[in-house]
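Here subunit A shows up in two complexes: once beside subunit B, once beside subunit C.
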Partner chain A sequence: MKSFLIKNSLLILILLIALFLRFYKLGQNPPGLYWDEAAIGYNAYSILKTAKDEYGNFLPVSFRSFDDYKAPFYIYLTVPSIAVFGLNEFAVRFPSAFFGVLTVLLTYLATREIFKNNKIALFSSLFLAISPWHLQFSRAAFEANLMLFLNLLGFLLFLHFGKLPSKGYKYLIASVISFGLAFNAYHAARIWVPLFLLMITIFYFKKLIGLRLKLIVPAAILILLIFPAVSNFQRATTRAKSVAIFGKPNFMQNFISGYLAHFSPNFLFIAGDQIGRHSIPGFGQLYVFQLPLVILGVISLAAKRTVDGRLLLAWFILSAIPAAVSTPVPHALRSITIVPLWSIITALGTVHLLESKIKNTIRYLLIAAILLIAFYNFATYLHLLWKHYPKLTAPDWQDGYREMTEYVNTIKDRYEKIAITDYYGHPYIYVLFYLQYDPALYQKQVNQNGFDRYEFFGESWEKKVTGPVLVVRPKWQIPEPAPKYLKFIYATNGDLVYRISEE
Partner chain B sequence: MTRKADTFILYGRSMAKIKLLIAAVVIFLVVFRLWQSTGCRRFVSFEFDPLWVKLNVESQVGLDRSAPRDISRFFHNKAATGLYEAAKAYLTPLEGRRFAETVGLLPLIAAVIGLASIIRNKSIIGIGHIGLILIVLAIVLFSSKTSFNFYLLALAIPSLSIWSLDYFAKTKLRLLAVFVLAILTFYFFLFGWQMSTICYEIFFN
Partner chain C sequence: MIRILAILLLALLVLGKTDGTLPVCNRQTITQALPPVIFAQQTIDGSGQPPVITRFFHNKLGIAGSEIARCYFNALDPVFIYQWLGIGGLVGFLYFFYKIIDGRQKIVIAYVLILPFLPFFDLPLLAVILSYKVFAIIGLALALAAAKL
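Showing the complex of A and B:
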């Protein structure tokens, strides 16, 4: 045990860094709970309590939620987390952060398997551990992060099979199960997983064909795992249809420019994804110090003549496709499968530089300069993440819902009705989530416009009962004459979000 | 790796003719794009404005009200922000959609392959060529003549494709790829008269 710890001390240190960066104040930053996170949490809670989703469907293979029919796997994985930690932000984000840490480990293992070089593997896992792109999606309940973990796990197991096709059959089975689960983890996986499977089939065609009849079992497992989503195709593609560019004018132009946008230096190193939930405003998806290392790494990767080296290159080229067939672009979330590759490429570049035959003085100067920029970059990232991000992106995370529902909960019994604005989107799910409303009770009265004593209104609200009503309005709705205001709710950035009044 | 059956067994004049043909296709596409842009009355500007640095520092420091001033200034100062804003402006012409719209798919891919072959062959002239393009990008940053900037970029970046001629002329498959890409690029240009990422206001005769 002691020798194992000493031998793997660097890897353990990297994993501890990954763990800290992903779990520290997980429930508080990002500043609020995005409505998809709230829906994931409440549906998992509903499964835990009743084995049914919010609509009363028994263990569904696709969660209707906001009629976007969410992929099921993340929700089911959130059930034990909620059982242990309760229904709160931390519990909902826990699976993403947990599998985020494991992805760092898998990156180490996969890189070591491919390059047979511990240095490259350690650098790859370190760069992923501190990657702004990966941290962003590990610190919130993004199903895509789980899909990335399963995809990488499937890939690693497949590599084991590839090395020993005759003895590695069990790895093939495990790999197929992992890919099948990835298919059920995230919408974009329905494009990515078949594409990825096609790619590895082409690369390992001879080895796979050599299995002959033995191929039937993994094929059957794969079909079994993807069948629920395929049989439910109409519903499973509801979300995809709303964002896809298929069948829309100028498809080819939009696809090509959308694809290229994911490799634009501005997106990668300077400005990042423009959606506040996907990146820190004003910070790239990668660190600036990675730029020279990435250039060196791409050259180094292109020079690898091994099958696995070429496989990585093909993966790198394909990974922007699921994002390029949809809008908006560039989209950091839908192209998440490229994230470990950027880390691997940076690691290749780093080792290339460390082992290059240029003059020692020049090499040391270069390394010192890159290290200096790296420390400054990383410190700036942490500063922006902890000091700026909660203020800049509070509206993106629906910050204010928690404080509002908690306040409403303390005085709700005094009112005949509680009317809440739907201006900030899907208020019903926040009421269910933060009040931990009994799922069995809600399943009997499923209604996103109102349930129990709660009603949700749009542009304006009209009193329809005689008793006192608690009204929660958005900041811009100021009725005349002025009602009796009980409380104003502010977001982390100090902006007024709600005016709560008694009428 | 190229398979024997795919490889042209062409030397001297025949090889030169194929390279010339590929170059002609690329030049035709670039010229066609330049001709299309003659209707543009107001090109997009990439000019760097130092005022952005001041504004950026002020807005970032404003978000750090609770943090000690020294810490805030360590992260948000004119040097770091200046570099950030300059890099942002410098890389803006290379943004995916704009890049594709300016030079088109075939010249773009050929330029990328050209870049790779310069690096692989460690060609001194090629590195000088890259250096020139980096200088062109800097000129664009400080020039207020937007049409001149566009023509400079539209000519400079595809010029790298000259280094890809050997690569494309090597196999039948690659040559076929050139023509498929050329058709796609032409199609892309033909339906992309608006050039929204290049031109603010376009006038058609």
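Showing the complex of A and C:
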């Protein structure tokens, strides 16, 4: 045990860094809870308590939620988390953060398997552990992060099979199961997983075809796992249809531009994704210090003549396709499968630089300059993440719902009705989530416009009952004459979000 | 003969493509952008934070560097290059870039890397685009010459 710890001390240290960066104040930053996270949490809670989703469907293979029919796997994985930690932000984000840490470990293992070089593997895992791109999606309940983990796991198991085709049959079965689950983890996986499987089939065609009849079992497992999504195709593609560019004018031109946008240096190193939930405003998807290392790494990867090296290059080239067939672009979330590759490429560049035959003085100067910039980049990232991000993106995360519902909960019994604005989107799910409303009770009265004593209103509210009503309005709705205000709710950035009054 | 015809055809396609735009980004825009950006960043940090830390993360040098990089990368953006060169031209351009790095052509590398600075100093964008087109055609010719036809 002791020798194992000493032998793997650097990897353990990297995993501890990954763990700390992903779990530290997970429930508080990002601020608030995005409505998809609230829906994942409440549906998992509903499954835990009743084995049914919020609509009363028994163990569904696709969760209707906001009529976007969410992929099921993340929600099912959230059930044990909620059972242990309760229905709160931390529990909903726990699976993403947990599998984020494991992705760092898998990156190490996959890189070591491919390059047979511990140094490259350690650097790859280190760069992923501190990657702003990966951290962003590991610190919130993004199903795509789980898909990335499963995809990498399937890839690693497939590599084992590739090395030992005769003895490695069990690895192929395990790999297929992993890919099948990845297919059920995220909407964009329905484009990515078939594409990825096609790619590895081409690269390992001879080894696969050599299995002959033995191929039937993994094929059957794969079909079995993707069948629920395929049989439910119409619903499973509801979300895809709303964002896809298929059938729209200039499809090919938009596809190429969209694809290339994911390799734009400004997107990668300066500005990042423009959606507040996907990156820190004003910070790139990668660190600036990675730029020279990435250039060296790409050249180094292109020069690799091994099958696995070429496979990585093909993976790198294909990664942006699921994001390019939809809008907006560039999209950090839909192109998440490229994230470990950026780390691996940076690691290749780093080792290339460390072992290059240039003069020692120049090499040391270069390393010192890169280290200095790396330190500044990382410190700036942490500063922006902890100081700026909660303030700048509070509205993106629907910050304020928690405080509002907690306040409403303390005085709700005094009122005949509680009217809440739907201005900030899907208020019903937040009331269900934060009040831990009994799922069995809600399933009897499914209504996103109102249930129990709660009603949700749009542009304006009109009193329809005689008794006292608690009204929660958005900041800009100021009725005349002014009602009796009980409380104002502010977001983390100090902005007024709700005015709560008694009428 | 086939190679020469193919190169001529691809060169015509690369030269004929004229589609892109580049956001205005130069010394003047950066000078204008600096004070509001610094003010916004320092406001977010708040007054409770030691000024040394605020200065460390939000200073003229860092923000100007970031803005200059933004201008520079605008002219190196693959979408911008695709708009002016087409997909074949972009491939040729990348192959050219790969070949000059592989062959350690230091002067050419330096020239390619300096080019995107031209719009920043209000020098004509056309010089950048025409150079890119030439690089792309050379890249395509090199690729075709290396191909086993």
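Descriptive notes on the structure:
Quick note on the criterion: the second predicted complex is superposed on the first by the 503 of 503 C-alpha atoms of A that agree within 3 Å, B and C clash if a C-alpha of one lies under 4 Å from a C-alpha of the other, contacts with A are read in each partner's own complex, and residues count from 1 in each chain.
Please note the rule applied: a residue touches a chain if its C-beta (ideal position, glycine included) is under 8 Å from a C-beta of that chain, and two chains touch if they have at least 3 such contacts.
For clarity, every value in this text was computed on a predicted model and none was experimentally measured.
Overlay on subunit A: subunit B and subunit C clash in the combined arrangement. Using the contact criterion defined above for the overlaid structures, shared-chain residue A:Lys391 touches subunit B and also reaches subunit C. Contacts of A:Ser264 after superposition: both subunit B and subunit C are touched. Looking at the superposed arrangement, the partner reaching more residues of subunit A, out of subunit B and subunit C, is B.
Residue contacts after overlaying the shared chain place A:Ala302 against subunit B and subunit C alike. When the two complexes are overlaid on their common chain A, residue A:Ser356 makes contact with neither subunit B nor subunit C.
Judged by the touch definition given at the top, the superposed model places A:Asn250 against subunit B, while subunit C stays out of reach. Contact with both subunit B and subunit C is seen for A:Val288 once the two complexes are overlaid on the shared chain. Overlap of the subunit B and subunit C contact sets on subunit A: residues 256-257, 260-261, 263-266, 269-271, 282, 288, 299, 302, 379-380, 383-384, 387-388, 391-392.
Taken together, the subunit A residues at the contact with subunit B in this complex read 250, 252-253, 256-267, 269-271, 282, 288, 299, 302-303, 329-330, 376, 379-380, 383-384, 387-388, 391-392.
If you check the complex, the residues on subunit C that touch subunit A are 41, 44-45, 49, 53, 56-57, 62, 66, 69-70, 73-74, 76-79, 82-83, 87, 90, 98, 101-102.
In the complex of the two chains, the subunit A residues touching subunit C come out as 256-257, 260-261, 263-266, 269-271, 282, 288, 295, 299, 302, 379-380, 383-384, 387-388, 391-392. Subunit B makes touch with subunit A in their complex at residues 56, 60, 63-64, 66-67, 71, 75, 80, 84, 87-88, 91-92, 94-97, 99-101, 105, 108, 116, 119-120, 184, 187-188, 191-192.
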